[in-house]
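Shared between the two complexes below is subunit A, which pairs with subunit B and subunit C, respectively.
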Partner chain A sequence: MKIRILYFIFFLNITISVSSNEALNESQIHKNLRCLVCQGQSIADSNSEFAQTLKMVVKDLIKQGKTEDEIYSFLSDKYGDWILYKPKFNYENFFLWSFPYIVLVFGGLIVFFLIKKQQKKT
Partner chain B sequence: MQNIIKLITVFILVFILTIFYLSLNRSSNYDTKFLVGNKLADIELKALESEKFFTNNDLKNNNYTLINFWASWCAPCRIEHQFLMILSKNENIKILGVNFKDKKINALNFLEELGDPYYYLAMDSSGKQSVNFGIYGIPESILVDNKLNILKKIIGPLNEKDLEEIEKIIKS
Partner chain C sequence: MLSNIGNFLLFLNILLSCLAIYFSVSCLKTTNDLVLKKIYQTSLLQCTTILISFFTLVAAFIISDFSVINVYENSHSQKPLFYKISGTWGNHEGSLLLWVIILTVFSYLFLILNKNHPKNYRLYTLVIQNLLILGFLIFILFNSNPFSFVSPLPNEGLGLNPILQDPALAIHPPLLYVGFVGSSIYFSAAMASMITNYSDKLFAKSIKTWVLISWSFQTLGILVGSIWAYYELGWGGFWFWDPVENASLLPWFAMTALLHSLLVLEKRNALYFWTIILCLLTFILSVTGTFLVRSGILNSVHTFANDPTRGIYILMYLSLMILASVYILFTRYKPASIEINSNSKETFVLVNNWFMMFYLITVLLGTLYPIFTDAMTNNKISVGPPFYNSVIIPVVVLFLFFMAIGPNVKWIKNKFINFKIYLLIFLAAVLLNFIIFSFFKSYSVISNLIVISSLFLIFSSIFDIFKKSSYNFPRVISHLSFGFLILFIGLNHNFSIEKDFNLKVGETKQIDNFKFYLKDLKLTQDTNYKTITGQLKVNDLFTKEERILKPEIRIYDNPKTLTYEASIQSNFLRDYYLSMSNIDRSEYYNIKFQKKPLMIWIWISVATLSLGGFLSLIRHAKYN
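Up next, the complex of A and B:
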């Protein structure tokens, strides 16, 4: 009897953890998808027709076993990268992605030279 | 050292001004016209009045097909309907009407009232099929040739200018 109860608890745990993972994934995906007919809202924040449709499509794609990246790729094929809040890294936005690092390197160099200059003075 | 800092400051200023200039000269209206030139996705649309499904093969038999997303509750669809009626008389093109998130009875009443320009009449009651076409509002229309290349995408109601452009494309 004890073993049966343990089995029951074990499978119940698995079911709960799997369903919560799915829910988590789904809401994470919704947050990264722009509602194209709303003013600066993700589909997670919107109840528009478009957002509702997209939520259903995302649910279907998850059920089909698609990964998060595959879902983003499918939707950006249909609506362009604009639908993604976090755009994919490609040659068109290469500069956008690398700009903070360029600034960091340049800033670092300036600080480095300034410190060196100070040291020379002293 | 002073020169390097000046150079970097000038570079950042030029960069910011360039970004502003490019952004101000860019259209901020979002559309999905980038789909023009792409192939139409695999479709499977259920007929509104029967159990039949329309697929890509049905469209390959036509020289040109206009896929029109519409609904009886959509006011701009009423405005564009007259242009669809004109286009339906052209033998070089067939119109596939996709009734979007609508009630069948309302859709049929709409067509009875304004006329039926559709050679194929399909339904997308959940709206999920529309995502395959990159639709984000209705009415929207997609012109494809017999190889299912997307030739034109019209977002919003068809107007006289669109009609002329479509007629020009299907004539050639």
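Up next, the complex of A and C:
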């Protein structure tokens, strides 16, 4: 019975989550773009002219019906990957994206085997 | 004059440090278990002279003695007294002096507070700590000397960067330094412990106080730093995953792991070498952080004025430290038999360490990766908040569940934990989460999971208080606070409202349910800056609330800088945050408005998280 309630509630949560597929979030895109003339600020945080201009460019690109990824690749073609706060998942950054998970899995295995080994002894 | 006194005292400190090493080494050979009196005296004298040299610098700042280079470069006679004083450690050279003070004072305190531990262990700790001190003294004296003489005498100083003229930033460095420089003492103690084979529970007891002190202060330091970033950097964020912030977070992860593995060493006499590695790692990461921040190889919001020679010196220091510690670790390493049962507390401590290492490596990798790609492929990339958020947050969910269950398991062996109770707690967490999200109508899978898991931790911690007759109060406080911290960050992130737009005087703009009206601008003159204050009326059309926010643009004269002071109105439910900035060649002002729910609770949770550390310190002192 409890399990059934659990399923029910969980299912409810998931359905609600999935049903909310929002339109392109402008400020979300701004946060992912580095203000190139500032010290470590995104264009969402910056007051510089560069940030102002880039915000308009983004607005324009959204109007043209570009997707979020298309906007990113358009801008990184123009300004280089330095502008994207979320590094692309490509050959060069493969290590960056995968290594944390390798650590996570290996760490888990180490802990698991330490315990396993011990249980055999006792 | 003050310049000479300062230099003399620094020289004297180098001599005293050598003397302390010499006395300690000669005392190592004696057979009785007494530390010579002159060692105590030398160590005390070191503390005194380094403090006097620091106060000499403070005095130079107070009287604006511009013949001292540090005062000339970072102060101005028109600056308020408070910021003259805090300016002492608000710059590279002065903060290094603070480093050495903490190294020296901790060295002395460790010596006198551990009288019931073996002589040689204490002496080796003193020797190693003094080697660390010497390294820094030499660095200060020959590369970053705050007392260098300026000739001819300038009439006026260059002034302190205005965004550093702030009460939070006055106390931020000392707090943070007690945290990560304080970790030096257990670096030294860990080395000494390996050299003298002092590897049992008592070793754990001798360093526990220091680990708790540094952890609690580090936590507070990070808190004050992010509060400062929240209201001073003027963007309404409080954590930017900026390299400099990461540099303070890395030792924190290592300390947190250490804090937990130390429990296993103390209670069960296991995991000795792992604990040692964490001791070494914490301080190594602290120095690494200093290197990254001071050498200027990273692009950050919090830039220090930088100079490559500093970087090279710190890098040499760091390499020597790592080499020495790795060498001693390898020569002394003995594989130990570990007695760990699944479902015992030891297992959960290991789980904690496993996750801490994951966070640590992720943040370290993210911080350093751009340097590598730049060097290898000449392609500059940025690793920013989206990377950390997407890698770390899903793992935090799992971590919180372990964190809730772990403390309730017994040491050594345990029957399976009460499954039914956890199921009930889980159900309650899911239900409450559902209520929250359906009430506010904003959804995403990951925020749901974060809220569920943090509620799970919160409920089970509260359950501990009522259910168990004896529980570890400091632990419950810290775990509970961490649960609340993640919960509030999750809710805050999910339900924050942000508006970014341009407005001119007299104009009204409506965005969704908010109406903004820029009434007028006022120009006022303060002691060392001019202020343009905006009067903005904000109407919430849903709640019919109306409030006036007054953001400022400050124009400082020395040095010439603009700063933007956000107007923040906070209460226990939400913060209204508004900042205003001028746009070049235009009568419009850029306005950033945010309504951030539960903001104040994020600060409170971190404060109580650190309170748990302090309470644990008291508890530890009482029982030992």
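Convention: the second predicted complex is superposed on the first by the 98 of 122 C-alpha atoms of A that agree within 3 Å, B and C clash if a C-alpha of one lies under 4 Å from a C-alpha of the other, contacts with A are read in each partner's own complex, and residues count from 1 in each chain.
Assume a residue touches a chain if its C-beta (ideal position, glycine included) is under 8 Å from a C-beta of that chain, and two chains touch if they have at least 3 such contacts.
Because the structure is a prediction, the values reported are computed rather than measured.
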Which superposed partner A:80 touches (first subunit B, second subunit C, both, neither): both
Per the contact definition in the header, classify A:53: touching subunit B only (first), subunit C only (second), both, or neither. first
Using the superposition on chain A described above, determine whether A:67 touches subunit B (first), subunit C (second), both, or neither. neither
Now for A:98: first (subunit B), second (subunit C), both, or neither, which partner does it touch? neither
Give one of first, second, both or neither to describe whether A:114 is in contact with subunit B, with subunit C, with both, or with none. both
Is A:27 touching anything from subunit B or subunit C once the two structures are fitted on A? First, second, both or neither. second
For the three-chain arrangement built by superposition, which of subunit B and subunit C touches the greater number of subunit A residues? C
Is A:37 in contact with subunit B, with subunit C, with both, or with neither (first, second, both, neither)? first
On subunit A, what residues does subunit B touch that subunit C touches as well? 49, 52, 80, 82, 110, 114
Would you mind writing out the residues of subunit B in touch with subunit A in their complex? 1, 4-5, 8, 30, 32, 34-35, 41, 101, 126-128, 130-134, 136-137
Which positions of subunit C touch subunit A when the two form their complex? 233, 235, 237, 240, 242-243, 299-301, 303, 338-342, 347, 350-351, 354-355, 357-358, 361-362, 365-366, 369, 373, 377, 379-387, 390-391, 395, 423, 426-427, 430-431, 433-434, 437-438, 442-445, 448, 452, 498, 500, 564, 581-584, 590
Can you list the residues on subunit A that touch subunit C in the complex? 2, 5-6, 9-10, 12-14, 16-20, 27, 30-32, 34, 39-42, 44-45, 47, 49, 52, 55, 80-87, 92-93, 95-97, 99-101, 103-104, 107-108, 110-111, 114-116, 118-119, 122
Residues of subunit A that touch subunit B when the two form their complex: 36-37, 49-50, 52-54, 56-57, 60, 75, 78-80, 82, 106, 109-110, 113-114, 117
